[in-house]
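Common to both upcoming complexes is chain A, partnered first by chain B, then by chain C.
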Partner chain A sequence: MGKLKVFGKLTLVASMLVSFAACTKKQNLDEKVLNLVVASEVKGMDPIYANDLYSSNEVARVYEGLLEYEYLKRPYTLAPNLAESMPEVSADGLTYTFKIKAGVFFQDDKAFPNGKGRELVAEDFVYSIKRLADPKLQGLGWWMIDGKIAGLNEWRDKYSKEDVVDYSETIEGLKALDRYTLQFKLSKPFPQFLYSLAMPFTFAVAKEVVEFYGKEFLNHPVGTGPFVLPVFTQEKRLTYTKNPTFRKKTFPSEHSEEFASIAKENAGKDLPLVEKLVVNIMKEDQPRWLNFQKGNLDFISIPKDNFDSAVTPDNGLADTLAKKGISLLISPQLDVTYVAFNHDMDLFKNKKLRQAMALAYDSKTSNKLFYNNTAMSAQSIVPPGIAGNMPNYVSPFRERDLEKAKSLLAEAGFADGKGLPEITYDCPNSTVSRQQGEFFMKNMADIGIKVKVIQNTWPELQKKIDKRQVQMWGIAWGADYPDAENFLQLLYGPNRSPGANGSGFNNPQFNELFKKASLMQDTPERTAIYEKLNRMASEEVPIIYGVHRQKYTMKHGWLKNYVSTDFDAGQAMYLDVDLTKKAEDLDKL
Partner chain B sequence: MSVAVAEKLVSKESHSQSKSLWNHAWESLVSDKIALISMVIVSIYAIVAILTVTGVIAADWSQEVGASYEAPSAAHIFGTDIFGRSVLLKTIKGTEVAMSVGFVTAIVAVVIGVALGGVAGYFGGKVDDFIVWFYTMFSSIPNIMLLVAITFIMGRGLVAVYMALGLTTWVNLCRLIRAEVIRHKEREYVQAATAIGGGHSRKMIKHILPNVFHIVIIQFSLLFQTAIKSEVILSYLGLGVQGRPSWGTMIDDAKLELARGVWWQLAAASLAMFVVVLAFNLLGDALRDALDPKLKGKS
Partner chain C sequence: MNTWLYVLRKLIYTIPVLLGVCFLIFLLFNVFSPDPASIILGKHATVKQIEEVRNELGLNKPYFLQYLDIVKSAFTFDFGRSWQTKQDIWDMMKQGAVPSMTLTIPGFMISTVFAIIISLVVSFYRGKLLDKGTVILCVALMSIPSLAYILFGQWFFAYKMSWFEISGYESGFPYFIPYIILPVLIWVFLTIGPDVRFFRTIMLDEIYQDYVRTARAKGLSETTILFKHVLKNAMIPIITYVIIQLPFLILGALLLESFFSIPGLGGITISAVYASDLPVIKAMTVLTAVAYIIFSIITDVLYTVVDPRVSLK
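For the complex of A and B:
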């Protein structure tokens, strides 16, 4: 106990020093500044490479697409963004005609004549989507529209062998009929098509800018969106300013009952609501937590090690924090965490080995150690809340069963792990990721499998997965749109890397069934197929499932209009800061 | 027979005459209490490291011994970590990494430093210019940046740590050896060796090296503790040893755990590191006192 006290005093002194230091640096309260945090490095600002949450969120601050999600509506609903209205769809469901908003301008940039941004036209979307399909660029979102737009695959294949890709060639399924009319013709039914137009991959870029900056385009985002980032650099902080030429866009009036007060309070206000946006890149939990405590960040998700001190056993917020005007929001997330196998390796074609490893993985303890028992053990790949998830389904390879795992391992030909090489497990390089890796290593050691944990930066890890230089790795998938297809496609053979199927799982039966479901509209029959696929995804153990997480978000009282969402691309423009309240609350911190 | 008598005579004479530098140093070392204690501590760490490598102790460090984050108690002196493993055993197992990194790194640095320093000092001229230019340039790169770069190239793991630290810590020793060799190469005993037809390598290795070796020993002990500290820093940054306990990863864990009041992992790792680094520093001082002829007679 003696030691504990001494330590307590030390931390007290340390924290006093910190708070003195904090006092000397006053926050600027003259203008509305949002202070956000990202938990990982951002890869870059090119929409076609934004295949991870962190990059796509940044891309969506500058760029915009045809459609977006209603900010205040649940269940999630699509709404027109750069489109004038929702598209006209032909009777056969294959032709989509969009009218594009007139008077939308690209941000001013030296890539344009006289530095003045020009008006957005339908042709820009044609160009942007061709860019996504460009075989030379290897856009990471190609999987999403692969084989779906008439003539686009042929165009891609034709130019994959040639030196220069010709963008002027007309593609049947992707045409600008006039300055403001855009028409898509699908080669087969694609029920998720509209969702894909709300994803950053298909956001509009200007040809002049791409050509002006060449390779550096990745670092020079110029979109039509609410915020401007002059240059992207790999720094610890990105500072966006309000786009002065942003079109008139008002706070959405469509809303669900639960958000009525937000809608009422902001009715008719011009977006964005803040002048400046500061995005801090902080990989580690404690700096995020301490900066939130100091008021340097407007909201954060609660780190695992601070959970007990922040959240009471009945899911309330601790008094000490509530007194400072902080509030807590809890919401389930449409996501799944998992440990993937590289199915390119012959070793992992051995199903019994995969099953044995899944049975050795202790998801219960992992939930306790890393999610404070707030997450839900994942039985298969589709999270609760979307059709295709089976609420009462229990996977035969979920609960830890060492005996069974050992006998399966023996059947796989590796009794007690004999004959197995050391398996590498790649993860991001934060402390928590490493601990998760060590936990996996320890679980596997219990049945005699040797695992080595390798830490990488986030971009490095993504690159390794794309290039198939990994054996196993820990990662998560968050929904791009509220449809089980978005999760099941992670296991669809033809989607292999650089598509979203990083594991390279390729099962003819699964592929067949998935292909069938992907052409179907939302019907009970499709849900039945989704469930069948979901069951296969569990029994084949293509990956080892972890949990479906819940978001525990803490926000300061001065942050207005914050709503928890699974599709947070573009969210920042709706957020507001109450400067008077901020001045008051900062004194309490 | 007469030969034997003569030999006896000589040995008797030398015994009664004077002790060698090494004998002398050893005597003054053991008579210094602090040095003696330091030596004992370092030996204990070394023995512990050898015992963990061979699996005699702390072989079951990865076993759970209790619940997660149990506070220190009689059963677990330093409590348990996130997975319920004994922090004491992890600390002991961490000794293995620390000592092996210290030892191998120091050897690597000594080999490079002595070889380059010796060659530069002995041959002088263009060779010397080149080597001086090389290490000056080398030392102008910030150490930690160089470490990070090397571990990025070589991948992560123990071998990468050995090489990274070995390749970044030899400059100081190289400089000292070079200066000392320059001093020695004009001495009479070297000239005598030349006169009887000794080649370059013979003069360098057989004659000069033993006379500058005290510097190597002093520097070795200092390199050793620098390497231990650097390994902890690298592991803390996630660039060091992977998948086995290291004091650095323990401190890395602790930076999160402190938020929930778990201080014992930090305490155990820091204490273990503090004691061995202090012991090496004191030993290094004592060695210098004992071995450096310039300090002889001063107290």
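For the complex of A and C:
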């Protein structure tokens, strides 16, 4: 009897477990829900702190800015968003006047009287940009407008010494001329200024909401955007719903030829196209991969370890996946990987040594080993897709040539590496970074140069670069905005560390040309200067170029209108879900 | 000694311990940690803004004042806001502690109860096939890396068999249950090996004591001997082992949380370490130290309950 009782209890426990286990969630096919994934924590929902890709994407689901990127146009083109049209720019390029759209309302929230969101006005942008400049808040996008708007730096400096910041004080370069007119006056020409108005840092927030929630404002996003997130918590899942008071915004008809079918099918439809948006935070590759295969996520970037099983050698999708209705999209990213020299060291002032090391580096094998042969060999610092990149240009110090490298090394005074000290190569502490370091070490050993690989946590590496305690290091740069200036500034002398020019490369001729180009509007003349700078950098070898990476994305057949972009902010409102197709495809998974 | 006096005296001892913990935090942060201002500002940091942020964070104050700030927050439990996420640290911990504990406490309880029962039984059969087989199985379980359990469990039971959720978490009872069953089972497999081996050693020490022979001579059943006499006498080392682990359960299980997307304290702590987020590191270290001291006191007091021969001095 006793044994039977024990057996009975065990059976009960087992059946409870199985019944709970059987409660795995079923897909909701009654409403259009987007299931997205991000690979890192989201810090919060305050636009002025959205300096990482993940946080800025989340911010942009709720908040909006004056400008945005055309969803279906490449190269990337700015378009008005909350602005009625592109701004009027004065002849001297210093004054930008925007008319903002009338009838745009903030989302309903208890911070407003009667809980009803009020209309957005030009003054909201004045307030939002002052918040970004507020010395007490230390907004992380300040770099974008630092020294650019007349009077704003003075305002910031003045209140950095005071206890309370006065937002009512008028700033010469930042004014609401009337309810719907906003005017910026720049202190010097800065053609990239418009890009900053498409970045979440400058998106519109309402003063009363900021004041109502105080320090908790970052957890109570209230914008004018297409989706509503009632409260932000540090969960691993954020659930947004369609903003019921979202203005009439329709799917764009403007498009590049490659996106003609999407435009034809959707132009004029009211946005957003889905009812709900679920953002899952999954840091590890395996759960992302398995959840996608199970249909719990609509699209993912292919994890490195799953690449071979998903993509065929000729860049096609594996049959097993194609049969499930999955498709593959390959698109270049606006980025560059490189190995930097510390130009503060006398050793690396020796140009022939830098050239020799660049020629000894086997970028083709590196691409094969670390990027599954998917990346593009970087011939210059500016990636394809933006003005200044030269598609047919081949750097003289790019492809591996050991004989020439040895000869240059001898000319540099270090024949067969004799007389050279051991050079340190610092890298982050991931396995791939270490392997890349070891590969670099092996490449250099082939011409007699000894390299020692040192791993660091990312903050440690950053600290060592700032304190000039590095000799060489592997790193990458992704575009903040689609302009060659954003890449060429990595070599601009005055930008030295802790600025973006970590290598400390400082060439007066390069600096002068860069400065000239950075003040010019987007013209063929400016593009010509960018190209000259590119060539100059290739000759000088201030850094050893790696690759421009490509994005490999897999998406399910039910996801419509997906377009790969480097500027994902706002993308979700254009995406659609075909529920019939989803029901069919889920059966195949 | 009166138990309350003993507890009070032990609590007074926490003051120098906390001062020492604060000094260690201060030392580690100021000597080894990268500049948090550079990390916060990221790739566009300028010298001027780094200085401004350092001023705002109080990093340009004299070292002694910085140490006092740490001491003050340790004794008032006012940890402020995270430098990295700007979130209130108590809110972060409240939000993180519950998911962590919904994973670690059931896992810990199940593995401890099973480990005690298994160790009692196998110690009774010492040297027999059951005992040898269990020891071999425990060593085998311990030899497999924790990542292997997680990767296999997630792939096979959640993806292939669809018995469990692959990852995720929903707050509130009973919504979180489907999400924690698999990680809890993996936790049990991860910890039961070393637990059984440890408890078996304790049981073996007891099972050869004279009182066991006496009990057998009196004709008591083996079940009564094992569960009433042996287990009771083995309780002191078991209590020490179990209770001292409790504070660490709150800290969560980093790998399991990460792979199963459970928003626990493990992930928060690691992110803080990577970002040199002093307020969060400070809060986690101080609270762990305090919890450790409190649970040590509870252990001491429980000794007197379990074994009346023990007195607090």
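Here, the second predicted complex is superposed on the first by the 372 of 589 C-alpha atoms of A that agree within 3 Å, B and C clash if a C-alpha of one lies under 4 Å from a C-alpha of the other, contacts with A are read in each partner's own complex, and residues count from 1 in each chain.
Definition applied: contacts are C-beta pairs under 8 Å (C-beta built on N, C-alpha and C of every residue); 3 or more make two chains touch, one makes a residue touch a chain.
All figures in this text were calculated on a predicted structure; none of them were measured in a lab.
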| request: Pick one for A:P135: touches chain B only (first), chain C only (second), both, or neither. | output: second
| query | Does the superposition put A:Q286 against chain B (first), chain C (second), both, or neither? | reply | both
| task | Classify the contacts of A:Q435 with the two partner chains as first (chain B alone), second (chain C alone), both, or neither. | result | first
| Partner chain(s) touched by A:P459 [first = chain B, second = chain C, both, neither] | second
| request: Please indicate which partner A:E584 is in contact with in the superposed arrangement: first for chain B, second for chain C, both, or neither. | output: neither
| request: Go through the superposed model and pick first if A:D146 touches only chain B, second if only chain C, both, or neither. | output: second
| Of the two partner chains, chain B (first) and chain C (second), which one does A:E539 touch, if any: first, second, both, or neither? | neither
| task | Using the touch definition from the top, say if A:D305 reaches chain B (first), chain C (second), both or neither. | result | first
| request: Mind telling me which of the two, chain B or chain C, contacts the most residues of chain A? | output: C
| task | Go through chain A and flag every residue that touches chain B in one model and chain C in the other. | result | 284, 286
| task | Under the touch definition given earlier, write down the residues of chain A that touch chain C in their complex. | result | 17-18, 20-25, 41, 43-44, 46, 49, 51-52, 135-136, 138, 140, 142-144, 146, 160, 215-216, 218-219, 233-237, 280-284, 286-287, 290-291, 293-294, 296, 457-460, 462-463, 466, 477, 498-500
| Touching residues (chain side chain B, partner chain A) in the complex | 62, 68, 82-83, 155-156, 238, 242-243, 249, 252-253, 255-261, 263, 267
| remark: Counting only contacts in the complex, chain A reaches chain B at residues 3-4, 7, 11, 284-286, 289, 303-306, 308-309, 368-369, 429, 431-432, 434-435, 438-439, 441-442, 445, 451-455
| message | Under the stated contact criterion, what part of chain C meets chain A in this complex? | response | 33-35, 38-47, 49-50, 52-53, 56, 81, 84-88, 92, 95-96, 151, 154-155, 158-159, 162-171, 177-178, 181, 258-263, 267-268, 271, 274-276
